[in-house]
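What follows is a set of structures for review.
Shared chain: chain A. Partners: chain B in the first complex, chain C in the second.
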Partner chain A sequence: MNNPALSKINSSFVRKSGVNRRLDSGFRILGIASTAFGLVVLLVLIIDIFLDGADRIKWDFFVSFPSRKPELAGILSAWVGTVWIMVLTALIALPLGIGAGIYLEEYARKNYLTNFIEINIANLAGVPSVIYGLLGLGLFVRYFNLDRSVLAGGLTLALLILPVIILSTREALRAIPSSIREASYALGATKWQTVQHQLFPAALGNIMTGVILAMSRAAGETAPLITIGALTYIAFLPQSPVAFSGGFPFIHFSLQGLFDPFTVLPIQIFNWVSRPQKGFFADAAAGIIVLLGLTLIMNAIAILLRHHYQKKVRW
Partner chain B sequence: MNRFLRLSIFGIMAIFLSCVFSAGEVFAASKLVKIDGSSTVFPITEAVAEEFQKQYSGIKVMVGISGTGGGFKRFGRGETDISDASRPIKPKEVDLAKENNIKYIELPVAYDGLSVIVNPKNTWVDYLTVKELKKLWEPSSQGVITKWSQIREGFPDKEIRLFGPGTDSGTFDYFTEVICGKSAASRGDYTASEDDNVLVEGIASDTQALGYFGLAYYEQNKDKLKIVPIDDENDANGIGPITPSLKSVMDDTYQPLARPIFIYVSTKAAEKDEVKKFVEFYLKNAKDLVTEVGYIPLSDESYKAALERFQKRITGSVFGRKGATVGVKMEELLRMER
Partner chain C sequence: MLLKRKFILKTKEILIERLLFFCSLLSVVTTLGIILVLLFETLDFFKEVPVWQFLTDTQWTPLFVNKHFGILPLLCGTFLTTLIAISVAIPVGLASAVYLSEYASLKIRNIVKPLMEILAAVPTVVYGYFALLFVTPLLRKIIPDLSGFNSLSSGIVMGIMIIPLISSLSEDAMRAVPMGLREGAYAVGSNRLQVALRIVLPAALSGIIAASILAISRAIGETMIVAIAAGQQPRLTLNPLVPIQTITAYIVQISLGDTPHGTLEYRTIFACGMSLFIMTFILNIFSFKLKRRFQEIYE
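Up next is the complex of A and B:
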């Protein structure tokens, strides 16, 4: 066994494997360090925010309007505005986005035009949000004369998340094996029946995940709403859509609130941060905690939905 | 079962739609006062709006922050009832309002002192003259005046780092007008921010810094900033360097960096009951609220005169078409108001 050639190969192998092992553990440490860096920075930020703002998180903070006195100021008009805008954005962007996604993935013929449209949608998803704000200002606020209303804000944010919803719908449909489509057609189903009974239910989990992630992005958007001019002190709520009073039929609905001015959480936070008084920093920090909580809840719902639908789909 | 579900959903939607179109009178038409404009005037108008809405619960007031120029653009198109302004209306803005047939009443509501600020560790600056400020900030100084020693002999041979508001700000318009002689004529190589807290933090953390912004931001951050007295070398306005304060602004000795700030009310809007109530409430309660949010109030007579001006619907600007005017004295304003 004492072959000199073999022992030479052997020693070079040992030497090399030693280097590789060291490289391996080195990369491991590097990976841990970079993960830790991100986590520590995030943790420091969150702790800092909590130290500043946790005292302000009380019932009163949620049911008070903003005020010039930091200790009395609250986020009532801001969170109600955020809910209005979110609901409206979802109502507008969901049917349009999912519809367009299904069309482009299942119906549209593959040619230069659809290619062109696809590339543009992918690009739109990466356009800075302030550009959408300018579009909203020119189109909805000025041209359609909607003024700085809930409707103008909702439409602008719907435009912002539309490309993301279209893309995630298409991704979700593409992930479904083509054997499912073929099986459905083989049984004599039409295209719409295939989409309705097979593809859409199967894709719903992933679509909803994309939608909710897009919505939580919209919830935190400030730039487009400031651009359409919603940087405003507002100490009232949009007209409620339902009222229980008056004559028959005793429950009344109104869409007047759509045309009322509004404010949202990120704008309220922005407003407070730019004040000279120290007390408003605590208010801003508390507002950030609420916004953080809101996005965390939305992301958690996205994860739960995906989990739920993944379990449900069985062919 | 499925069919039943669909039918009921359809039914609910039909009821919903019919209600939407039948329920007009249940929802009282809301009264809304629309205000937009200067971020400098904003804290005052916000305070007034807050108190006003406590007293008149049926009236809604919205106060936007678009800057003085942005506010006048909307006001001139008739989009707002009242415009907050940290400088008088400019000729271009007057023309826009005229085009859209909008007449306005100009009402001074408070004074604002602009403060020139350095770092507390800056031991060499005890005061600055208007000429020295001009030398420092005029457009031709860009890239030329870069060291403290170039401003006055005896100042150290250290780099000077400048902070100031951005070009959309009325504060920028006013400062450049009175210091450099022309509105918006300023060097561009300084740290500009529309957010005054950025300027505060910048100057507080840099021993070689100098900057300017509204007095209210200095008052809230006294512990980490040093204010510079200003000498306009005109003994009629008080002799020697003057530090901005309640007193020096009110008796017109802190010149030229003290300015009156305004609201502009559209006469068409003033016919509406809610706007009329709001403006009267504003002028009657301004004194306490102005002090509370860190600005300097006008004298009692001035508020009375402004109220009279509003009630008589005296339109137009007392500044003619000149825009910002150096060292406007409230007595002069009053005389023009009568």
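Up next is the complex of A and C:
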């Protein structure tokens, strides 16, 4: 260390490595802050909404129709509409989406058509939801004359979540090792028997995770339903599919409700947020508590389900 | 008897395969449906409004007596909110992705990632409420000139909404970088930051760009936040403090009114939808191709 030139190099090296270390730990803090940022905002959002709307969460709120007076308004037509739409969306999208996923993952040959379908699905997953609304408006509402009905809304949302269900079905199937398929074929099973008895049960947990996430998205969608013309103020319910009244046999089934107009929770919230009167903001916040509760519970179930299956299944 | 059974089994197999094939074809039909519906109404629209006027007129006033049909103000509003959103989302999302992929322990990652997913699962109408009634009043304390409706707060909130998208897709791309590259860099004395910035980021670049493009596409198509918090005044400005209108917010505004079917006003939303579809389509395809490329390299 007596050589002055060497000592200069050495000290600059020490300084530089000190700077590097500080940069490194500085970046760690930046990374933690960035990761925490979104989560802190989420927390603030939830607290803010609870402060605004928790007072309105009473029994009356759930069993009242919307009203011109903010303190009397409720979400009855909204939550009933949301239940209708979600059940219908699931009934349409689940078989089609899972079927398409099974075809693309298990049956499709690697050719031009399959490649085209894959690119197409990736693109559909990124098409803005409001465009699906325009599709629903042009196709279901006008062309098929379904008007602003529950059926038109359910069909529109089903098309919207179809790509999500297809993609998660494919991922779930891809995670199953090919040895399972080979074993099944070796026992003489046909392709469909393999899918039906081996692959589908094994993939079901992961498929359900994707399905629940897709349904939670459908529950929160607003724009496509506004675009197809779902009403923002509605003081009656779609006709119930099951009624207990009248004469024999005392229980009546009817699908007439499918053709009735509807509103859903997110649209009701949007309607209240866009009113100038401050009183409705509390209603909006209360509606959000219900909607957020619904989506967060669904997400929690999906996450737990995924966790459960990842832990349990060891190939 | 056996032959007959075999025949039934075979027919069943073929029928099921056909059925499943039609399910997957439905996605192509959906795309076709979108294009046809948009195309027919847009063509009718362009019969009355020349294309060049649509693309160059600087005013958008279809609901006024003096009608102008220039998409530029709406495009400008969309551009402005998207720009604000991605200037929030890309830096924050990337920093968070680098942290989660290179710094964080497995335990932290397992806790944080599901929480991030929740951030992405919050319905957009909730974010709209938050932008209008929390972020705007908060920002007004700092910027007194801010209007009640503005692109700044809706852009920021939209940015927060797409942080998880950028963060999780970029992290996937970074984790796909082979461990050997990192180990090589550590072996010659790099620290974590150097490995992250000089090895992992460049190697994962195409995946990160794909994620960012997807985020831009998402921001362009985002509807409820801007419909609630950005206002309903189409104007050609880059000032983030004043009310504007985006393409998506215009579609919502018209859909809420009682615009009769078959009128020019009704067709404007399809012309707007067409513009929106073309923009997001190009971005989505580009992102998909990029993503596929980076997957091919390392798998």
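One rule holds for everything that comes next: the second predicted complex is superposed on the first by the 277 of 315 C-alpha atoms of A that agree within 3 Å, B and C clash if a C-alpha of one lies under 4 Å from a C-alpha of the other, contacts with A are read in each partner's own complex, and residues count from 1 in each chain.
Just so we're on the same page, a residue touches a chain if its C-beta (ideal position, glycine included) is under 8 Å from a C-beta of that chain, and two chains touch if they have at least 3 such contacts.
The model shown is predicted, which means the values in this text are computed figures rather than measured ones.
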item	value
Overlay on chain A: chain C relative to chain B, clash or fit	clash
Which of chain B and chain C A:G133 touches, first, second, both or neither	second
Touched partner set for A:R68, first chain B, second chain C, both or neither	first
Partner chain in contact with A:L255 - chain B first, chain C second, else both or neither	first
Which superposed partner A:W192 touches (first chain B, second chain C, both, neither)	second
First (chain B), second (chain C), both or neither touched by A:I32	second
First, second, both or neither for A:D147, with chain B first and chain C second	first
More chain A residues in contact - chain B or chain C	C
A:S274 touches, of chain B and chain C: first, second, both or neither?	both
Touching partner for A:L96 - first (chain B), second (chain C), both, neither	second
Contacts of A:I303 with chain B and chain C, given as first, second, both or neither	second
Stretch of chain C penetrating chain B in the combined three-chain arrangement, among 59-67, 95-103 or 185-193	59-67
Intersection of chain A interface sets (partners chain B, chain C)	229, 232, 273-274
Residue ranges of chain A touching chain B (in the complex, touch as defined)	65, 67-68, 147-148, 229, 231-236, 239, 243, 245-246, 249, 251-256, 260-261, 271, 273-278
Chain A-touching residues of chain C, taken from the complex the two chains share	9, 12-13, 16-17, 19-21, 23-28, 30-31, 33-34, 37-38, 40-41, 91-93, 95-96, 98-100, 103-104, 112, 114-119, 121-130, 132-134, 160, 163-164, 167, 191-194, 196, 214, 217-218, 220-224, 227-228, 248, 251-252, 255-256, 261, 269-270, 273, 276-277, 280-281, 283-285, 287-288
Chain A-facing residues of chain B, complex	15-16, 19-20, 22-23, 25-27, 30, 32, 34, 36, 39, 42-43, 45-47, 49-50, 53, 60-66, 79, 195-197, 200, 216-217, 219-221, 292-294
Chain A to chain C touching residues, read off their complex	20-21, 23-24, 27-28, 30-35, 37-39, 41-42, 44-45, 48-49, 52, 95-97, 99-100, 102-104, 107-108, 116-117, 119-124, 126-135, 137-139, 142, 159, 162-163, 166, 190-192, 213, 216-217, 219-223, 226-229, 232, 266, 269-270, 273-274, 281, 284-285, 288, 291-292, 295-296, 299, 303
